[in-house]
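Data block below; observations after.
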Amino acid sequence: MSDERSRREVLGTAARGAALVGLAGLTGVLAVKANKTYAWSIDITKCVNSKLGALGVDVCEACATDCVLTLSAVRAVNEFSECGRCYICPAYYDITSAVGPDGLPSEKLCPRDAIEREAIGWIDPDDPANNFYEYTIDEKLCNGCGRCVMECKEPAGLGSIRLEVRHNVCLDCNRCSIATACPEEAYERDALSTV
Amino acid sequence: MRYFSQRVALRVTVAAAGVAGLLTVGLIGDWAVGAVHAPGDKALVEELEEAAKTDHEVSQQLHDERERQTLASVDRKDRARVAAWLLLVSGGVFVAAGKRFMALRPQRLPSLDRLVDVRFDTAAPAIGKRPRTDESGNGETPLEFVARLVEQHGAGREAAIPILQAIQNHYRYLPDEALRRVCEPTEITPAQIAGTSSFYAQFRRSPVGRHVVRVCHGTACHVAAAERITEELRRHLEIKDGNDTDPRRLFTIDKVACVGCCSLAPVMMIEEETAGRLTPASARQVLDALELRS
Amino acid sequence: MKLETNRAIASNQFSEALRGVALDGEGRVYAVGDSSVKVFSSEGELVRQWKTALPGQCVAVDDGGRIWVGEFEQVEIFDAEGRLADTWKDAGRLGLVTSIGIRDDDVFLADATARWIRHYNRVGEFLNNIGDRHRKGGFHIPNGVVDFAIDADGILHVANPGMHRVERYKPDGELLGHFGRFDGRDPAGFPGCCNPTNLALDSSGRVVVSEKAGPRIKVYDPDGEFLEVVTDDLFDPAAKNMDLAVDAGGRIYVADPVALEIRVLSRRAETVP
Amino acid sequence: MVRSRLAGLGLLLLLSLSGLPAVAQQVEYERQVDVAPSEESIGEGYVTPEVQRPRPRAMHWQVADVVLLGLAMLAAAWLALKSRRRAGLVALSIVCVAYFGFYREGCVCPIGSIQNVAVALVDPAYAVPYYVIAIFVLPLVAALFFGRVFCSGVCALGAIQELVVLKPVNVPPRLDRALGWLKWVYLGLAVVFAVLPAAMRDFVICRFDPFVGLFRFTGEAWLLILGGVFLVAGVFVGRPYCRWLCPYGALLSVFSRYAWRSFSITPDRELDCGLCTDACPYGAIEERRAVRTDCFACGRCYRSCPVHHADKADDAARPAA
């Protein structure tokens, strides 16, 4: 009895030890190529809506429609330091719509009216075209549909508007469902490098 | 939670389940309505977009329609969030109240047939009566019986226990009359007999009833209120304090340690058969049924 | 489509960039791109080429046959043989030089960094700025290139794409007038955020403009009346800031920055009014 | 408006001091000049608003999560093996559902990390963060020492099912065993789909996780409904997902087989009466002993045990006496 018992114990200890060694090995293998970063982000050089050269294609709405959140964690973000402050912003106006009496396009591009336009700086009272305009995206309304991104990119615009994963909203899913749907594999988890 | 009666628990459980159900239906309904309307809304916007390119009048309409849809989606999201929280709370209440209800719920009374599904040996000898010459088993007198035992086990002091056991086996208790007979042909003294018979739990000095009912007072049964069973049976059988057998000599109520079927607690054994999951009432019924049969 | 021929020159000559095109009086074509100047005969044969110190942004040829190449923060001046004759620098006034105009004693350099046109004399003395309608800055050019052309009267025609206008200035900086308006549907208007990007004048004073997104070439009469769209489907959709030159025969030379060649557009004789 | 913008800017400055801005999203365009108007040319004291880029969850929070996971498992081990109190395990379950479920919203969990690990082992370009390695390995190590303590109340998916068990019915052992094979099939499928080439790769465990949507209050409708169905089913059938589908449970059942000290029902500390067999909603007690590979260490057996009741009664009586 005691022999059998001790044999079982020895076998159990051996199995446990082997499993621990195995796990340690696995950890080592993984740790060697581990990175510290961990957040989904969009590689805008791949994103259809931002990609230079992806012209004349339909807007990709995967970011708006495929996020597990009802209001996607992806938002259009205007990088102000790169924005041309255009009088007629193709991301704000639907520049294919008819021109109204004020000389401006009659339609806005954003289906959710999430962009605000405001004249900034020194303002010419006589000539609205002679002003700079700031375009601010209301993150409460924006759902990341990417239309403005598509219109703002070069060569039509300056590409100051990009789709970005807002990390305060993003749930950091293990497998981002937008990434699964993204036609260009623009979603990467290790693209975000931090110190 | 003690003040939370079973009926209240049940009501709360049902109410919470109802609320949760309604919320679920509401959530799914809201989602379904949105899903059904979505293609139409989209088509409407596209139509208006197309029209607005040529007709300036439409553009305000398009703007309003887009705003309406945006606000509707924002509203739906808010509604869903509120409903989800309420659902979470009502689900929690349902589970908590449900657990309380399950805990308070009376153990369902097993059917009487199952309880008395015991094969009582009705042909068992009538026992528990004072030993009389003509009733002593195989016709021998107590004197002869004791003499035979002494012959069998010897007359030394060391024979006391076997002899007492044999007597107990025979009469199911140790009648004074028989004990007195033991002292005569042996070295065993009355003091020794008194000591031995009172020391060992297996020896009884008073006659037993026709059936010995052993109510388990092991840990499980103790926890399951075996004491109440014993008390109820003693009350029912009108057993007086200090006695363990009813005046009719039908039943002897015995407290025993664990009988080894705690899963049925509280449990009593009658002869070799077991009745479990007792309540005071069902225990009483078992004995009544047994009395009727025998 | 009113194009009679669709000829391209300088094909396979530039590997990274083709930014400027200019013509001299004899019809030779000067192209700058990468970090070199290449001279082609009117038939498109490579005549001469030489290196520039920095990537060239624009090119112009003066009456004396000297070649001016605008670069970052400097202008290099070569003689007809390609020998470096002079280098102009003017810290604070010359950023990225994207257009050069020379007429008589005046030299106009477009500084795309500060969005002004700088007026110098031949010896490099700064005279004045052009384009100060906006109190704080010059032209509205979100596209990165200031382009202008000088007509026979010495009037500067400047593309001000952010305002969707072509503006006319006197050399001293006085605004004479402008034409153009935004319209995304009517070809007479300038579409998008910022058009036209570049312009050139033909011998009769018509204004040829290039637009981006989608790239097209249009012609306006000297009064700013829209005449025609020369082409709107010849260029890659990503082509922008296409430099223009027009020869005496009305042929339009377009530096195609995507295909890296110079497209020569000539209209059928009967379509020329 | 201006004030709020200034406040936002100040906040942003503070934020930017706390860590370097995310660089990945600032891809340079090849532009000849700085095409955006400068603050100087805009004039009137205009200040270019800084774009606020909320940082992803900071490293030290990830470390905190791992530490919490470890502590929770140690607590579960202590409660299950030493203190033998179901009440404590229930409290732990509630805390873990609240934190790992509703607060952390379920990602990354060890169950899903199987796929990350599988991909990392196969795809040389794929790396997993230390955080995920720790999340994946810790419960397995814990299983080697204390059995499936992770399942007992630490795993949010398990804990929420644990809490809803109300009136469990007995699943016939043969059916139970047969369904138990499903988790191995699921594990296999998950690994296969995970190690496919990147374009076809799919994390099926995460995609079909029935509870994560509930934790997040959002998700695809059919998945939320499926989660609800699992919970309602869980009222009557103890932990259906854990027992029959959880791929990580499959791994844990192997590791817990060699556990150093596992959850046990012992004759000296318990009554050895068999009440526990009825109390176990998961069919993990055979012959009055816990089957360590199947046991979720919920502690219901202890609660049902007369000895523990007697102890409690004694405890209750003692101060009065």
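Here the chain labels run A, B, C and D in written order, and each chain numbers its own residues starting at 1.
Operating definition for what follows: contacts are C-beta pairs under 8 Å (C-beta built on N, C-alpha and C of every residue); 3 or more make two chains touch, one makes a residue touch a chain.
These numbers were taken from a predicted model, which means no experiment stands behind them.
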Steps in the shortest chain-to-chain touch route ending at subunit C and beginning at subunit B: 2
Taking each chain's C-alpha mean as its centre, the one farthest from subunit D: C
Highest-count interface - the chain pair sharing the most C-beta contacts: A-D
Computed distance of Cα centres, subunit D from subunit C, in Å: 64
Centroid distance [mean C-alpha coordinates] between subunit B and subunit A, Å: 61
Distance from the mean Cα position of subunit C to that of subunit A, given in whole angstrom: 38
Between subunit B and subunit D, centroid-to-centroid distance (C-alpha), Å: 37
Multi-chain contact sites of subunit A, meaning residues that touch two or more partners: 52, 70, 84-85, 96-98, 121-122, 132, 154, 158
Residues of subunit C engaged with two or more neighbouring chains: 134-136, 140, 142-143, 185
Per-residue overlap in subunit D, given as positions that touch at least 2 other chains: 31, 35-37, 42-43, 218
Overall pattern in which the protein chains touch one another (line/ring/star/complete/other): other
Pairwise chain contacts, counting only pairs that touch as defined: A-B, A-C, A-D, B-D, C-D
Subunit D to subunit A touching residues, read off their complex: 19-20, 22-27, 29, 31, 35-37, 42-44, 46, 48-51, 53-57, 59, 62, 105, 107-109, 112-113, 115-117, 120-121, 124, 127-133, 137, 140-141, 144, 198-199, 202-203, 206-207, 213, 216, 218-220, 255, 257-260
Residue ranges of subunit B touching subunit A (in the complex, touch as defined): 45, 49, 52-54, 56, 59, 62-63, 66-67, 69-70, 73-74, 76-77, 80
Residues on subunit A engaged by subunit D in the complex (per definition of touch): 12, 15-16, 19-20, 23, 26-27, 29-31, 33-39, 41-45, 52, 68-70, 77-85, 120-123, 132, 134, 136, 154, 158-160, 162, 164, 166-175, 177, 180, 185, 190-195
Subunit B-facing residues of subunit D, complex: 163-164, 166-167, 217-218, 221, 225, 228, 231, 235, 271, 273-275, 277-278, 306-307, 309-310, 313
In the complex, subunit A residues that touch subunit C: 52-53, 55-56, 84-90, 95-99, 103-105, 121-122, 124, 127, 129-130, 132, 154-158
